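The same chain A turns up in both complexes below, where it pairs with chain B and then with chain C.
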Partner chain A sequence: MDAQTGYLENVDGSCLYSLNSTKVISAVTGPVEPKARQELPTQLALEINIRPASGVPTTREVNIQDKVRAIITPILASYKYPRQLCQITLQLLQSGETEPYFHALELIACVNSTTYALVDSGIALKGIALGTTVVISKDNQLITEPTDEILKNSKSMHVVAYMIENNKPSNLLLMDSYGDFDENDILKILEQSEIKVNQLNKTFREYMKEKINNI
Partner chain B sequence: MSTLVIPGDEISIDSERPVVLGPGMYNDPVTQRIVPVNAGLLNISDSKKGQTIYVEYDSKRYSPAVGDLVVGIITGAFGDSYRVSLSSFSTPVSLSYMAFPNASKKNRPTLVIGDLVYARVCNAEKELEAEIECVDSTNGSDAGFGLLENGMVIEATLGFTRSLLFNNEFPLLRELAQHCKFEIAIGVNGKIWIKTDEVKETIACYRSISDCQGQPQEKFQEIIKNYFLQVTNTVEE
Partner chain C sequence: MADIKESTVEVHPVSFPTDILARISPDLSLQRHLSLGFRPSSRGFEEFRDVIINTGDLTHNTQSDDSAVKTPSNDGKQVLGSCVLKQGDVFVITQITGGIIEDITLSTNDMEMEEDTELLEITEEHSDITKYSSVYPVVEINRGRMGACTDEEMTTSQRLYDSLLHSHILTQNALRVEPGVRITNEDDSVNIIYPDSEKNKEITSLLKPKKKWSYVLYAKIEVFGRTGPVYDMCWNSLMAALQSVKLPRTFIDERATDLKMTVRARGRNAVVMETYNLLCDPNESTNLQLRENCISYASSYGAINLDPEADIANLEETDDVDAPMDEELETKTVLLADIDGEAEETCIKSTISITACPNGRFKQFSVVGGGAKITKELLMRSITLSKQRSSDISLKVQKV
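And now, the complex of A and B:
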């Protein structure tokens, strides 16, 4: 995993994020003046745009957008910015997965990258959101951060995102599963993903510490 | 006392005593929890009245706060006020015709669209349009506020402009003054206005200030010297 914030000049917050062969640039602008139809009287409006690595955005990108929105909305301190807009644009550079079949890797790259960019932008957040992909392989092995090849040969795949408050996962923001699995598998997945998210949180903190010490 | 905080971290606060929250801190209206909402260095200071908590962090977009000194661009004129932009795409703020020295119903200020002003934020409620003033409202004097003529505006991060304006130890302006005479207005909204006698000096100042951003203080002298060497043939040692 590699993240680099402040990558773009002309937006308030940005991050170039890569994980295995998935690569995405996120750009955050806000709080800015919304269009009249976006404006919410008491809180911050959120606009998310996802541009795929090749071609034009399709229903697949809209699907990812909606999931990213479901994860990001709860972490924003949205009542701090009434009648304002936060615009998030995600440009995929490399998909890293077979696009017609999957979107799990892109979704997680988008979420994690957005978290870095949001913190970089200085928009008020109640916590941070980090997530991971876990798959159950055909021989019942749990694998986190899979590659395209592993996704193709998996029995089921799961996208899990947590909200992190006070340095520990406090809230499950999204769990999105495909394939063949039972209740026991879900419990194992949650356990495994929590461990992984704790690691991601540690990396995040170290990154921020270094960034702030450099100023 | 300063420690690193990340949004959502728990902060030890003496719940018996009153608390004043500064930038980067937030009292969640639903849970009534006091949490930092930005990643930066936490500052807690104690006074007789209570505890003051804020997070020192750097960002690019400015949100108005009362008392801030800002550089704004006039973007519109109405019956009794100007519309002023403090940062691109942000909600504009208003500057009343009455917020100028010696203002009266008859004596209107003569600013036009595109003019730059140095002003102070006098009202900033998040639900309302923020207001700025070009007059020291305690005594009615101009206090250095008003129209900024000629010169050039440098865009910088908010943390950098705060260092320039408030940190007396910050060596950048002193180093610049070694090379040329200049007039400067620093807005904490990330806009720095600078004016010198000659265009080439303005260019050198512009490039020096933009480039010193994010560099260690020891490098300032070298950067500034380089740019002045580029635009002038002579430079004093």
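And now, the complex of A and C:
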């Protein structure tokens, strides 16, 4: 995993994020003046745009956008910015997975990079959102951060994102699973992903600490 | 201050009819209902809406007049399978249509080229997912206005596509076209031979074209009278419709089996084009082979924190009997099954959607936890309910 904040100059917050062969640039602009139809009288409006690595955005990107929104909305201190807009644009550079079949790796890259970019932008947050992909292979092994090849031959795949408040995972923000699995698998996945998210959180904190020290 | 206290100010409580309050303050309305132990729709917390499922009603098999003998087109006129599902006040109509495409990756022409065979083997060997197929769903939620499709329609369609693909219900093999051959006998009588029996297989394999085709299925899902989230209804309707799908049998006229044409392209290269007139049999059809143990049905749940302030028992202070209940309610989160209605949809930020097989396996599971904290207990309860719901719906579909 590699993250580099402040990658773009003309936005409030940005991040170049890569994990295995998935690579994405996220840009956060806000709080800014919204268009009339986006404006919410009491809270911050959120606009998310995802651009695929190749071609034009399709229903697949709209679906990822919808999930990123479900994760990001609860972490924003949205009542602090009434009648304002936060614009998040995610440009994928490499999808790292077979696009017609999967979107799990891109979704997680989008979520994690957005978190870095949001912190970089200085928008008030209630917590941060970090997530991971876990697959169950045919021999019932749990594999976190899989590659495309592992995804293709997995029995089931799971995207899990947690909200982190006070340095520990507090709330399950998203779990999105496809494939063949039972309830024990779900519990195992939640357990495993919480451990992984804790690690990601540690990396995140170290990165931010170093960044602040260098200012 | 003292002056103000002494003067009598009459405050007239403003009251609204239930349905108007529900629109002005959906949150309060929902909380008031919940504090009484039921939901705005007067259902219980874990009560689902009734489902009525009817399959195959809209399917019209192709007529036998000559003009109708044509390849299935995706123009929506030829419905291979259908389902009308009614859940509460919502109607979901699914029509499955189909088309035939040439299977480029697996065509025998390509097999002859050595390099490609290797490539084929590599992909075949290593990826499971390529063995399975999906249908192409288009969800249309009718709201009485025209315009471009909404985000909800797009995400629902995409989710249906992904779930179906990863549920492994439909294999590539089930969609493979096994064309028969139409033979004109000496006495001008025409009959079609399908590769069903060994003897027929011999004849057809002699005349068999080198190319391979597969069916492509499209699902048009129309939602009428939307009152809440529609994904689970669309999935159930699609599942029921798929089980009613009958694929038309196809054949090639014997004269066309070995037809080759030389087409001069723009440059100097002459390309040999093969054309096959793949025709659909108006009378013969086969059932679409689904993987039975992968048939699953969806249900949705919401989790919401009960607001003790909105508790009616709290407001009526004279009501001492209910007073001890308040403390219990303070941190209570409840699970509501089958989210429906404007108030529930807008106020409930934490949702669980489960697609379960009647045998207890899951095919799709999604949790969105924007609002109330989703605990292990809530997850487990929703899992239990989803299994029951799945068996119920599967019985209903089987009855049809």
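Everything below uses one rule, namely that the second predicted complex is superposed on the first by the 215 of 215 C-alpha atoms of A that agree within 3 Å, B and C clash if a C-alpha of one lies under 4 Å from a C-alpha of the other, contacts with A are read in each partner's own complex, and residues count from 1 in each chain.
FYI, contacts are C-beta pairs under 8 Å (C-beta built on N, C-alpha and C of every residue); 3 or more make two chains touch, one makes a residue touch a chain.
Since we're looking at a predicted model, the values are computed, not measured.
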item	value
Which of chain B and chain C A:128 touches, first, second, both or neither	first
Partner chain(s) touched by A:54 [first = chain B, second = chain C, both, neither]	neither
Touched partner set for A:208, first chain B, second chain C, both or neither	first
Which of chain B and chain C A:140 touches, first, second, both or neither	neither
Touched partner set for A:29, first chain B, second chain C, both or neither	first
First (chain B), second (chain C), both or neither touched by A:179	second
Chain A positions touched by chain B in one structure and by chain C in the second	163, 170
Chain A residues touching chain C - in the complex, by the definition given at the top	59-60, 62-63, 65-66, 70, 73-74, 98, 101, 103, 149, 152-153, 156-157, 163, 170-183, 186-187
Touch list for chain C against partner chain A, complex	126-130, 151, 154-155, 157-159, 162-163, 165-168, 294, 349, 360-371, 373-374, 376, 379-380, 383
Interfacial residue positions of chain A with respect to chain B in the complex	12-13, 29-33, 75, 77, 79-84, 119, 121-122, 124-128, 163-167, 170, 204-205, 208-209, 212, 215
Touching residues on chain B, where the partner in the complex is chain A	4, 6-10, 26, 28-29, 35, 37-41, 57-61, 63, 89-92, 126-127, 159, 214
